Structures are given as structure tokens and as C-alpha cells.
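You will see chain A twice below: alongside chain B first, and alongside chain C after that.
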Partner chain A sequence: MEFFADYFRELYEATGWNFVIFYEQYEYDRFLEGMWVSIKLIFASLLFSLVVGFVGAWAQGAKSRIVRYGISGYIQLFRNTPPFVQILFFYFVLGNLTPSYDAGGYQVAYIESFGWAVISLGFFAGAFNVEIFRSGIEAVPESTVEAAEALGYTRLKSYIYIIFPLAFRVCLPALNNNLVNLLKTTTLAYGIAVPEMMYTANQIWSDNVNVSEMMIVLFVFYVGLVAILVYGMHKWEKKMKIPGYG
Partner chain B sequence: MTINSASHANNKTQTDLPVLLPIARQSQQSAMIERREGTYRLNMQPRHIAWALVLFALACGAAQAAAQPEMLGPMQALFKWMEFILWGPEGELTGFALNLVISFFAMMLGTVAGAALGLMQVSLLLPVRQGSWVVTQFFRNSPWLVLLFTIMLLVPFEIDLGFVVIPVPDWIKAVIGFSLPVMANISEVVRGAVISLPSGQWESAESLAFTRRQTMWMIILPQCFKRMIPPWINWYCILAMATPLCSIMGVEESVTFTAQALNAEGDRPELIPVFYSFLLVIHFIYTYPIARWSIQLEKKFTVKT
Partner chain C sequence: MIKTITHRALCAFLLATFTLATTQAYAANDRFMKVMERGKLVVGVKADYKPWGFRDSNGKLVGMEIDMAQDVADALGVELELVPVQSSNRMQFLEQGKIDLMIATMSDRSDRRKLVGIPEPNYYTSGTNLLAKKGMIKSWSDLKGKPVCGKQGAFYNKIVSKRYGAKVVAFVNNAESKQALRDGKCVGWVYDDSSIGSDLASGQWDGYEMPLNSEDDNPWGLAVPVEEMNGIWGNFMSGMQYRWHVSGRLVELEKKWGIQPTAFLKMQSEKLMPARKHLK
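Here is the complex of A and B:
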């Protein structure tokens, strides 16, 4: 570790390339903190968007007309407006309306910028996930659904145990695309001051005037994360494969 | 009990056996195409828009009713600032108009660069092919915001050529920043369109003694052109919806001006929903017809091929 730090210090002295995050403890801690927030943000919004997709796809097959219209309205609204404006809308409009508590003289909202980023990004990607899952559900053979019905499964039970597991495997490639997209979109949380990677990098280059070096770090970070996500999804896809079911 | 049985029956690959195999393969393929062409698919009906406008009007009405009588109501405030948000102060091209200008120029720049990069991706020379592949993947998989920041901060505010100093205003930098991801995605669209043509086209051209360049310009590209238009429009929609991002860097476009207008009105909480909904609505009104048009074109072209 010491060798690593020395290398980057020498690099700075020799070439002027200032990768300050690798040899100064304070900046290193700040960098790790930003990275951690970013990974948490990505993970939380991925998970939230999957839950939204799961529930939404189920509700789209509901008997009630109002529920179905509600879901399709939600999908249309979130697909056709800029995600950045959505985040601002959630944070400034809904953030103003939600309750806050008194923390010794000033008001602190129950849901802070991180929470709003997760919610808005989750709903944004969730709108796409609902459609992706729905296309998977449509691919499940009708006879399979009927067989489940014959075995006495309720609508919800057959959705959870039979339809969704099959549909999920079918729509994994499309889901993959959307999750990569979501990963890239999480940088927009910068706009509402979530202290994630982008935001931290901005702080670091403001203090150390090393914009190009931090940009390289940012690119490596995000392209690397995308690569890991794609690789993981491919592995998962292979692992979940059922013979004869695609 | 059946879920979407009607649409399922339409599926041509349906067999009597409860097997997902053909559909799974199909969905894998369509996912690949979707990744290449962008996932922007609008299937909204005019009644959806009517509902959205009704909701917007109701929200505005509610905000209006909640406002204190001695202050300017939300609707009056919005009306007062509407022109400012749409095209900025007199004589300037800012506000929402600047969003459109940025999207036009970024698309032009991105298309030219992307077409070149895409053709490099189908080159016969291995280093050219691999190099352009790496560039494409890099710009395609980086977040737009990071690319935008890079250009905004690393391109100087003026370029001194010795005899003339060319100023580079913020919005030009934004154009360059947005054109990079567009370039990479258009490159994939071009490559996809070229390789999607049946190889018989290449072979028959060869047998007619066309050179490779002639085959490309006179046989392959004219056929690709039609296929590339719908995804191209698709990427334009995605780009147009991404332009508010440059407000982070203080480019004077619609989101920046909305925030300024709200500030000037004292950041009253009842105004905020109305102003931000207005932003959502204008972006929607702009992209919706374009996206519908792209769907129509796509339908038209798929029938013929």
C-alpha cells in the first residue's frame, strides 16, 4: 500500500499528473466515501426498480380497470419526460410536501436527497422494467398458466411461483440493457447534491485542481461498473438457465 | 385467468408444447436491437395526453386555491414567467429554445462523427475495426453527465489561434459534450444496419465486379439508410430529453431559467409544483410527436423489407 502511494506521489512530482486520491489519506477517505455512496445508490435504485417492475407487471394483469389505467399512465409519464427533471420534481416538489422533524433548531426531512434519488431513479427505471417483465409474462405458454390453475394456484401464487420465474429468464437480456442504463443515470443524483462519486470527484478537483485526473478516475469507475454489471448478469443468466426453457 | 391471451395467440412461434425456447431466442434478439437503437419507444395514445393535461390543470387549480390572496397566484406567476422559460429575455436564444438548439447541433455533430465511426467499425483493417470498437464502447458505456462534465471543464473558454481568438461559449461546449454519446450510439446503429443486410448483397456485388468502396456507397449504404432513420429519430428523442442536464453547468436553458424564475418569486412552495410540471409538459409536448413519427416510419419500413 505504501509503495502504491509512493508511486503516485512520484508520478505527480515527475509528470504533474496529480492522482491525489491515491497518496493523501484525507482525499483517499473522501474518494472511498463517494464510491460507497455511489454503489449504495446504484444497488438501492436497481433493487427498487426491480420491485416496481415486479409489482407493476402483476398489477397490469389485474381485473380492475382503474389499476390497469393507473399503471399505464405511470409508465407513459415516466418514459416520456426527462429523468433529470423527474429527479428535481421529486426532490423539490414532493420533498417539500413530506413531513420533517425538528433536529434542534432546524428542520430535517425524513427522506433526504439520497432517498429521493433512489425513489425517482427507481420509478424511472421501474417504468421500463414493468414493460420488460410484461413482455416476458406474455411469453409464458398459456398451457403452463392453465396447468397452474388446475393445480389450485391463485392468481398471485401462480404469478410468484410459476409465471414470474419463467418470465424473468426470458426477459433477462432486455433487463440487462435497462439496468446498464439505470447505472449510468444514477449520476443525475448529482443535481440534488447526493454525495456520490460524481459529486465527490467535483469536490476533490475543486480542492486540488486536478480535473483531468479525476475525470479519468470517473471514467474508469463507471465503465468498470458497467462491465461488472454486464458480466454478472451474463453469468447469472447462464446459471439460471433451465434446459428446454431458453 | 389468462394473462394477455390475445397477444399471446398472435405470436407466430407458438407451439402446442409448453416451451419458451423460440420466444426466449426472439426476446434475446430484440433486446440486442433495443440496446442498439435506444429503448425510447412511445406507445401513447392521444387520450393519455388529454388525461395528463387534465391532471396538470387540476394541480394548477389546487395550487391556485391554496395560494394566499394577497400574493401573485401560481397561474399568474407561471404566465408571467412563461416566455422567459420558453425563450429567455428579448433578443437572446436561451431557455427552452436553447435546449432545442443544443439538441439540433449535438445531433448533427454526433451523426457525422458517428457515421464515420460506424463505417470504421465495418472496416476490413483489423486495427481500425478494433480501435473504433473500443472508442464506441467507451463512449456508449460512460454516463452522459460525466462526458458532459469532461468537455465543460477541459475545453478552454476561448481558443487562441495566434491571429484570431475564437470564444467557446458554454452552450457550444454542451453541444460537444452531448454529441459524444450520440456519436457512439449512432456508430452502433450504422454498424448494426450494415451487418443486418444479407451477405448475398455483398456477394452479388462482388460477382458484378464492384469494388468494395463501390459496393459500400452504391449498394449497401442506400439500403441501410432507410433502416437507420427510425433509430436515428429515437436517439434524437433521447438526446432532446437529456439536454436539461447542462443546467448543472449553468447553461442558460429551461431548467436554469425555471429555477431563476422561482427564485425571483421568493421560492414559494405553492409555485414549485406548477413550474416543474410546466417543464415536464413542454418537454413532453416537444418529444411526443417526434417519437410517434418514428414509430410510424418504422412500421412503414418493416412492411417493405
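Here is the complex of A and C:
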């Protein structure tokens, strides 16, 4: 570790390439913190968007017309507005309408910027996930659904045990795509001061005037994360493969 | 032993590639000559920092620093083009040649002098202070553990969090950070005392105050490309700034834009004035 730090310090002195995060404790801690917040943010919003997609796709086939219209309204709204606008709207407009308590001169909201980022990003990607899941559901043969019905499955039970597992396999590649997109979109959370990687890198390069170096670090970080996500999704895809299906 | 050798070799290699990239730097008057050739001076200014650089109701860039940029263009006898810059990208704009001169409320700091040329004398100064609800904050140490709004890219974010343990919540623009302060999301807004002063003077911040002693008084510097610091450009801009101080032009502009008069400008013109004393 000591050698590592010395190396980057010497690199800076010799060449001007200032990777300050690798040799100064304060910046290193900030960097790790930003990385950790980013990973939490990505994980939470991925999970939330999947839940939204799962529930939404089921509700799309609901008997009630109100539910169906509600879902399609939600999809139109979230697919057709920029995610950055959504994040700002959630934080600055809805954030002020939700409950908070006074902590001695300032308000602490029960949902803070991190929470709003997860909610808005989750809804944003969730809108796409609903449509992706729907494409999978429509690919499940009618006869399979009827067979489930004949066996006495209710609509919900057949969705959970028969339709969704099959549909999920069909739409995994498209889902994969959307999740990668969501991962990259999480950087927008810097706009509402969520101290994630982009925000932290911005602070570090402003304090140390090492823009190019931090850009490289940012780039490597996100390439790495996307690679891990894609690798995991491919593994999953392979593992879930049913012989003779899809 | 081997470790150091490979290590040195790598450094030498990087050094070699780097010198290759910077050798052109010695043609010290390129940018200045280019300005004169094309008859147009491109200046990077702020677009969101009232009253130094901001947009008026017609969307035009105006402000004290824009007037200064106009003075420079007039002195050179060329046209002026303004390019809005951000704190986080202004030095890169200058390095990459997107602008010829930068007058963008930049504090003059030694690490910045490695990247851009900052000719003396400094044209302005300001310190760090806080905009907060009246009676809320009495000293800097009151900020410990509390959320303080700020702007992304400002150097005092780090100082306030490191020195006083404040939790800095930094937004992209001042508008958002001030909105967050109004919404009560933080106890105060940490920024430049001169800017907070003009906010308070605007009458939109009744019930708010600037309760602390300004810290880290920092001279501001305009900037030319670092390789032209000792060429025509750097020397010319030193001359411009010297004349601005001596002629009282900066004090005049300060008044025009409703900025609280600073002791610095008065001191500076008194300090530089002796050059004319023998003429009495």
C-alpha cells in the first residue's frame, strides 16, 4: 500500500499526472465513499426498477380498466420525460411536500436525496421494464396459459409460477440492456447532491485541478461496473436456460 | 532495486510522452497573435454569478467582468465574443484554446498557477462566508455535523468540511443550492462573501444574514494561457489590471453593479498610485 502511494506521488512529481486519490488519505476516503454510495445507489435502483417492472407488467393485464389506464399513463409519463428532469422534480417538488422534522434549524426529510434518486431512477427504468416484461409475457404461448388455467391456477398464481418465469427468460437480453442503461443513468443523481461517484469526482477534480486524471478514473470505474453487471446477467441467462425453449 | 528501476523507467517513459505534448508551449505569443489576426477576442466569463457575470432579462451576458472584458477588447481594438464557463471547466476551456482570456471570478491559487497564467496585480478579492437564517449560526464551529449547502466545484467546500466538520451538500448551480437553503434542507449556504453581500442587498433574502467573519481572503485572478504568461498576453493583462486600479475604473464598476465596496480595491489603488506621485 505504501509503495502504491509512493508510486503515484512520484508519478505526479515526475510527469504531472495527479492521481491524488491514491496517495492522499482525505481524497482516498472521499473516493471510496463515493464509490460505495454509487454501488448502493445502483443496486437499490436496479432492484426497485425490477419490482416496478414485475408489478406493472402484471397490472397491465388486470381486469380493471382504471388500473390498466393508470399503468399506461405512468409508462407514457416516465418514458417521455428526461430522467434528469424527473430527478429534479422528485427532489425539489415532491421532496418539499413529503414529511420532515426539524433538527434544530434545518429540516430533515424522511426521504432524503439518496431516497429520491432511487425512487425516480427506479420509476424511470421501471417504465421500460414494464414494457420489456410485457414483450416476454406476450411471447408465452396462449396454450400454456390455458393449460395453467385448466389446472386451476388463479390469474396471480399462474403469473407468478408459469407465465413470469417463462416470460423472464425471453426478455432477459432486453432487460440486460435496460439495466446497463440504468446503471449509467445513476450518475445524474449528482444533480441533487447525492454524493456518488460523479459528484465525488467533480469535487476532487475541482479541489486538485486534475480533471483528466479523474475522468480516466470515472471511465474505468463505470466500464468495470458495467462489465460486472453484464457478466452476471449473462451467467444468469445461461443458468436459467431451459433446453428446447427460446 | 529492480522495483525502483522499472519504476523509474515507467516515469521516464511518461515524462517523455509528456514533454512531447508540451514542447509546442514555447511559442509564447500564439494565442495573442491569433486574437489580433482574427480581430476577435474570446473571453470566458460566468453566466450565473450575479453581478460579475450573469444574463439580463434579454438573455444577454452582462456584469462587472463582462465590462472588464469589453475594456480589454477595446484596448486591443478587436471585437469581443463571450463564452459562458463554469468553475469546474474554466481552466480547461483556456488550456484547450476555446477561450483566449478568462475573467471568471477565479481565486488565485498556487495549484491553479500550474495550469493557467495569472498576471498580477489581482483585480479583486473575496473570502468565504455563510448565508443563513437570522440567529441560527453564530460561529463557524456551529456548523459541525450540520448540512451546509454549496456549489459543486468550489474550493471552500473541502475547507468547510475538513476544518469545521460541516456536511457539505453541493449542487450544480447556485440557484439549486439557494433553493435548498430556502427549503430548509441545510442550515446555510457557504459561498463567497461578495456574492452573498449582493444577494442580501437584492432584497430577496429578508430574514437571512451573513453571520460569520469571512475566512480565507483570496485574491481573484484573470487568466491567460500559461505558456503566454511571460509573453505579450500576460504582460498586456498586467498592464490592463494596473491601469484599472490606478484609474479607479474598478471602483467605478463596483459601484455600477451595486457591489459592496471592498477595502481591497481602495487599498490597491493607494498602493499602486505612488507611481504617479512625482508628477505633482
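Just so we're on the same page, the second predicted complex is superposed on the first by the 245 of 246 C-alpha atoms of A that agree within 3 Å, B and C clash if a C-alpha of one lies under 4 Å from a C-alpha of the other, contacts with A are read in each partner's own complex, and residues count from 1 in each chain.
Definition applied: contacts are C-beta pairs under 8 Å (C-beta built on N, C-alpha and C of every residue); 3 or more make two chains touch, one makes a residue touch a chain.
Because the structure is predicted, anything quoted here is derived from the model rather than measured.
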item	value
Fit-or-clash call for chain B and chain C when the two complexes are aligned on chain A	clash
Touched partner set for A:Asn96, first chain B, second chain C, both or neither	both
Chain B versus chain C as contact partner of A:Tyr190, first or second or both or neither	both
Partner chain in contact with A:Val211 - chain B first, chain C second, else both or neither	both
Chain B versus chain C as contact partner of A:Val140, first or second or both or neither	first
First, second, both or neither for A:Gly232, with chain B first and chain C second	neither
Contacts of A:Cys171 with chain B and chain C, given as first, second, both or neither	first
Per-residue contact with chain A, leading partner among chain C and chain B	B
44-52, 62-70, 134-142 or 152-160: stretch of chain B that collides with chain C	152-160
Contacts on chain A seen with chain B and repeated with chain C across the two complexes	88, 92, 96, 190-191, 202, 205, 211
Residues of chain A that touch chain B when the two form their complex	61, 72-73, 76-77, 79-86, 88-89, 92-93, 96, 128, 134-147, 149, 155, 163, 166, 169-171, 173-174, 176-178, 180-181, 184-188, 190-191, 198, 202, 205, 211-212, 215, 218-219, 222-223, 226-227, 244-246
Residues on chain A engaged by chain C in the complex (per definition of touch)	3, 7, 10-11, 14-17, 26, 88, 92, 95-96, 100, 104-107, 109, 113, 190-193, 199, 202-203, 205-209, 211
Touch list for chain C against partner chain A, complex	3, 7, 11-12, 14-15, 18, 87-89, 91-92, 111-112, 114-115, 133, 136-137, 146-147, 152-155, 157-158, 162, 169-172, 176, 179-180, 183-187
Chain B - residues contacting chain A, complex	1-5, 7-8, 11, 14, 16-21, 23-25, 27-28, 30-32, 34-35, 39-42, 44, 48, 51-52, 138, 141-146, 149-150, 153-154, 241-245, 247-248, 255, 269, 272-273, 276-277, 279-280, 283-284, 287-288, 291
